[in-house]
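Got a structure for you, written out below as structure tokens; questions coming shortly.
In this document, chain identifiers A, B, C and D correspond to the written order of the chains, with residue numbering beginning at 1 in each.
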Amino acid sequence: MNFGSDNWAGAAPEIIDAIARANEGPAPAYGSDELTARVEARISEIFETDCAVYFVATGGAANGLALSVMTPPYGMILCHEQSHVQMDECAGPEFFTGGAKLLPVAGGAGKLTPQGVADALAGFPHRPPHGAPGSVLSLTQATECGTIYSADEVKALCDFAHGADLKIHMDGARFANAVAASGASPAALSWRAGVDVLCFGGTKNGCLAAEAVIFFDRQMAQDFEFRRKRAGHLWSKMRFIAAQFDAYFADDLWLKLAGGANAMATKLSSGLAATGGVEVSYPSEINQVFACFPEGVAEKLKEGGAAFYPWITPGDPANGKMHRLVTSFKTTPSEVDAFIKAVADAAS
Amino acid sequence: MNFGSDNWAGAAPEIIDAIARANEGPAPAYGSDELTARVEARISEIFETDCAVYFVATGGAANGLALSVMTPPYGMILCHEQSHVQMDECAGPEFFTGGAKLLPVAGGAGKLTPQGVADALAGFPHRPPHGAPGSVLSLTQATECGTIYSADEVKALCDFAHGADLKIHMDGARFANAVAASGASPAALSWRAGVDVLCFGGTKNGCLAAEAVIFFDRQMAQDFEFRRKRAGHLWSKMRFIAAQFDAYFADDLWLKLAGGANAMATKLSSGLAATGGVEVSYPSEINQVFACFPEGVAEKLKEGGAAFYPWITPGDPANGKMHRLVTSFKTTPSEVDAFIKAVADAAS
Amino acid sequence: MNFGSDNWAGAAPEIIDAIARANEGPAPAYGSDELTARVEARISEIFETDCAVYFVATGGAANGLALSVMTPPYGMILCHEQSHVQMDECAGPEFFTGGAKLLPVAGGAGKLTPQGVADALAGFPHRPPHGAPGSVLSLTQATECGTIYSADEVKALCDFAHGADLKIHMDGARFANAVAASGASPAALSWRAGVDVLCFGGTKNGCLAAEAVIFFDRQMAQDFEFRRKRAGHLWSKMRFIAAQFDAYFADDLWLKLAGGANAMATKLSSGLAATGGVEVSYPSEINQVFACFPEGVAEKLKEGGAAFYPWITPGDPANGKMHRLVTSFKTTPSEVDAFIKAVADAAS
Amino acid sequence: MNFGSDNWAGAAPEIIDAIARANEGPAPAYGSDELTARVEARISEIFETDCAVYFVATGGAANGLALSVMTPPYGMILCHEQSHVQMDECAGPEFFTGGAKLLPVAGGAGKLTPQGVADALAGFPHRPPHGAPGSVLSLTQATECGTIYSADEVKALCDFAHGADLKIHMDGARFANAVAASGASPAALSWRAGVDVLCFGGTKNGCLAAEAVIFFDRQMAQDFEFRRKRAGHLWSKMRFIAAQFDAYFADDLWLKLAGGANAMATKLSSGLAATGGVEVSYPSEINQVFACFPEGVAEKLKEGGAAFYPWITPGDPANGKMHRLVTSFKTTPSEVDAFIKAVADAAS
């Protein structure tokens, strides 16, 4: 009963096989190989537009490097107060950007709104050169609270932000889950809605270590290559990241993996909601469930071998009570059933 | 009727005279001169403890350099959401520290409380190495809202923060005003209450360009000298900063200047409060008054030659209505009377 | 006939197999898994001392992160003027360290000497806080010129450097080749000779993407974990780096792979030296050969499908003439023979 | 007999008087005052072209900030191996630029040549994104060895460097001395010869603390204002730097001060050259003399109260023997005569 995180699962077998297959013969280093070129082109197809694509191995690298070319080092990045860039990257964005400021913005269920962003800007007066000038709005799709922005919601945020001279970064560590859940196209959830740069994750959804930074405006990417190199994120054997994405996109594997994980969370969420005393906190739109258990239940579940963690929300008086449960492409219906039963037993 | 800022005033005549006097004969460069050594020692006397003292020319330099030796580059600095380090230094602390994160914390009338800091920490979970670990609590004395922390309030904050493994930085750009207003000793408002490093300002209170970074623990200062140099903040002709502080401390000039500015704000505040339709927002404990004027009054005052600016508060629905009025050592009672009369005329 | 670089080769089959095997069941993320702990411990055995070990995916990350905990941001790192940290990491060490200065030092055949380091220090006066204070001596083992330092040579350098208050960093991207070639133990070539931190490479020698930063003094490592995280170099699925090293160390695979590559370079070097008109520049102690071909030969070889690159040496009047040939664990004797024959044909 | 440095002298009386005069009435802060605007415009007149001008208080700040807008953080700045930016700013340029690499280049008598720069570039191969790409050539006028570049020499360097896609930075801490000594116009020694950004010093030549960063291409200056602010180098009472330059330019004071200091060095140099056993190392073109004294003489002179320092040259076997003597606008002929006599006495 492992709901600790989607990165506890290993890689999908197709991904491992692709790595093994890519290991034939020599290949030019540092991304000059044919496989890398082919998979980069495949991403342009999937997104229905010409993209500049750069592979890295971690989501923190993708976010930090992307932001570093989107903001001057004295700029200000607005992001959700619970976002990964703010809370989970050990000040990585500040490091990669050379000292840009992150302004945390509140918003229900992990989501920002145009009004919320407008209020944050109004409270941080633009008096150049005194206040750090706003440079980027960072969105997370799907969000840290397991919710998703509709294409219209993304568009409304991007329209507002572009009007305020902000570029749009999207942390898409779970973008696949958002696409699978919403049925919207990758294009609709990104550049067609106004996103400038998307960090498209593979690792949490069955890859071994594979993330793609996708620039919908090639101009914006022009010094990315240098920044990736100096940060130690240019792989010499780049084909081994490309190979993962190659398999990821074949036969829509990425959407199957994400859809499977999402379905398990839906099942888990409805099962828990039907269990007396359990409160499910947010709509489970992707592969995460947030739940408050009755007193003592969480401890009993952990003693029984279940893995999951408490979830902290800034300013929430319920802090310490809510837990996050994450499903993955490996989660099985019986694992979900067993957990629900364990909750019911512990609560009774 | 100049209430734009205390730095619109020039320097006190005693300060200019001291600079001229210091210009006799040669002196070793970079702070190795006798005057610098003497004034550094004088600061230890004033604070009743052995201090390591470093002079710089601006408050932004003092804060940024002080913080850079107090936090690792991946650490988190908690500060008031309206503090100068957060809102007015163009991401300077992020620059000086090599990318530390600033976590803005709310608090009424510009003041932090132990509970507010505790809540902020609770909402930013400590899961090394994911979240940036808290490293510093930055306080401002007197605050940006013209209020002051009592020695007991500082102590309560420092006690809590030290218990949470945070070091205490105090932005004392208007520390002189706080001392003059409270009657508390410099020691009582700083190290005796637990402050580790104080940025002691002179510029806003009648100096030309003079700030002192005061370390109450010499150990903490050990690489300050290198950081000041590489940031271009080590003056070759250091005696000209030292000379300013020499005059500043002579005959308690610093307290006389601050006391004078404070008195003018008190007079202004009570005069405005007695004027129909004007709302004074915070207790005017130092040399600042925050006021909401009736509709149209601010515009008329500016047309009449008065200088002052709107004051922005994060999340305040009254944003755009409140104005800040700052008095200085040069402000005269008749200037205050004239302004109050102008307000009354404009409002009638 | 591929002598472009050792990273053109893919991974050894044992490494790929180990990755596939590690993909069983869930595992805690971010290096908390059992395999990671076991392989870290294995490195302490191989080096015959207790080590703090951190895995990353690239050599640039290993070097930059290691240096970042060894120097203050205003410190000076002395390195060979041809070293990878100086010439091939796009100012990565400057980035990771927050702005430390690299001082390039000359030395024959890619090697530094105590006298060379002493001269460099003497020419960069220590006048705190004006000159950046020397903090680290960075050595490369094996060197960029395909030579190796004996244990005694490393010790002489470390002794001198420690006496000058420098810590010792060793870039061991090809450390395996040095061990295999010299027959000296890993301990003898590192901590027993005085090395403080070793960046132990796997990628160039048959791993997919695996490097280990090894601290022989745990105290020095204390904030490495935070720096790795904020730089995006902490893998969530860390077991997949650990698995590579697990296979790498099993049955001395690492030494077999390196020994094989070394042998091919020895063969290539002696074959070329016996070919009229070819000048071999350095002793081929590991898996690299540096050669000057007769006029026009390099072009003909490339037309014939051979891959290799020119090698640039600062200040060398022969720049443009010398080429570097790199063998790998995949290089075969017949590939070497074919190349030597092609050279002879082209030169005749 | 004070020849320690030109910054041991205080400020010229005209400078102090101007500061006192500028202290009348209020003035808008942060450089929005009339005096600042007027003096900025005056610099455009002196340089016979429209310039963007920014005042700061130290030469290290001027250099670091100027470079930070001229190079990407992963770029490479070529500079003389004895330049102030390389040897005397405690890795300040690396700090301000966010980690750019400095490549020290050799050259006789403190001067770079196009060939020397070409050789340095040839020895640092341009293989994007591996090597840090060259971005800036930094020249010092007058040089650290007391020599000057003619306008033609500057032009030849700029032409070569622009052809190699480098921008030209000129550290003009002693630019006044170069103008006074050469008789060339400020324009001829800077933008007409191809210089992009000049750091124009006042402090070493009789100002208290005043440097101007002069952009001959306004486009290049566009984010300077933000960088100056976040680095704590924007003075609130900016009029006090402007006032110094106002007096500095009035009646050609700057050239009179520099010419006076130069004349004293000429006198000192010829006097020492005529003294048995003393070797003068470089032509004394500005206010510096480099001399090797007979054994034991330096010690005797210091015992007699003379102040001066040894001068270190990278790779010079004579290190430890050469001393630098600096004259200032305050140096008198009798001081020079007394020193020459003391040398002769000590040497006899």
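By our rule, a contact is a pair of C-beta atoms (placed from the backbone, for glycine too) under 8 Å apart; a residue touches a chain by one contact, two chains touch by 3 or more.
Owing to the predicted nature of the structure, the values given are computational and were not obtained by experimental measurement.
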item: Of all other chains, the one whose Cα centre sits farthest from chain C; value: B
item: Selected pair, greater C-beta contact count between A-C and B-C; value: A-C
item: Distance from chain C to chain B - Cα centre to Cα centre, in angstrom; value: 50
item: Whole-Å gap separating chain A and chain B, where each centre is the average of the chain's CA atoms; value: 40
item: Distance between chain centroids, defined by C-alpha means - chain A, chain C (Å); value: 34
item: Two or more partner chains touched - positions in chain D; value: 73-74, 89-91, 94-95, 98-99, 129-130, 132, 226, 229-230, 234
item: Chain contact graph, described as a line, ring, star, complete graph or other shape; value: complete
item: Chain D residues within the chain C interface of the complex; value: 73-76, 81, 87-91, 94-95, 97-104, 119-120, 122-125, 129-132, 312-316, 319
item: Of all residues in chain C, those that touch chain B in their complex; value: 72-74, 98-99, 128-130, 132-133, 223, 225-230, 234
item: Chain B residues within the chain D interface of the complex; value: 2, 4-5, 7-11, 13, 16, 19-20, 22-29, 56-65, 89-92, 94-96, 203-204, 208-209, 226, 229-237, 239-240, 307, 330
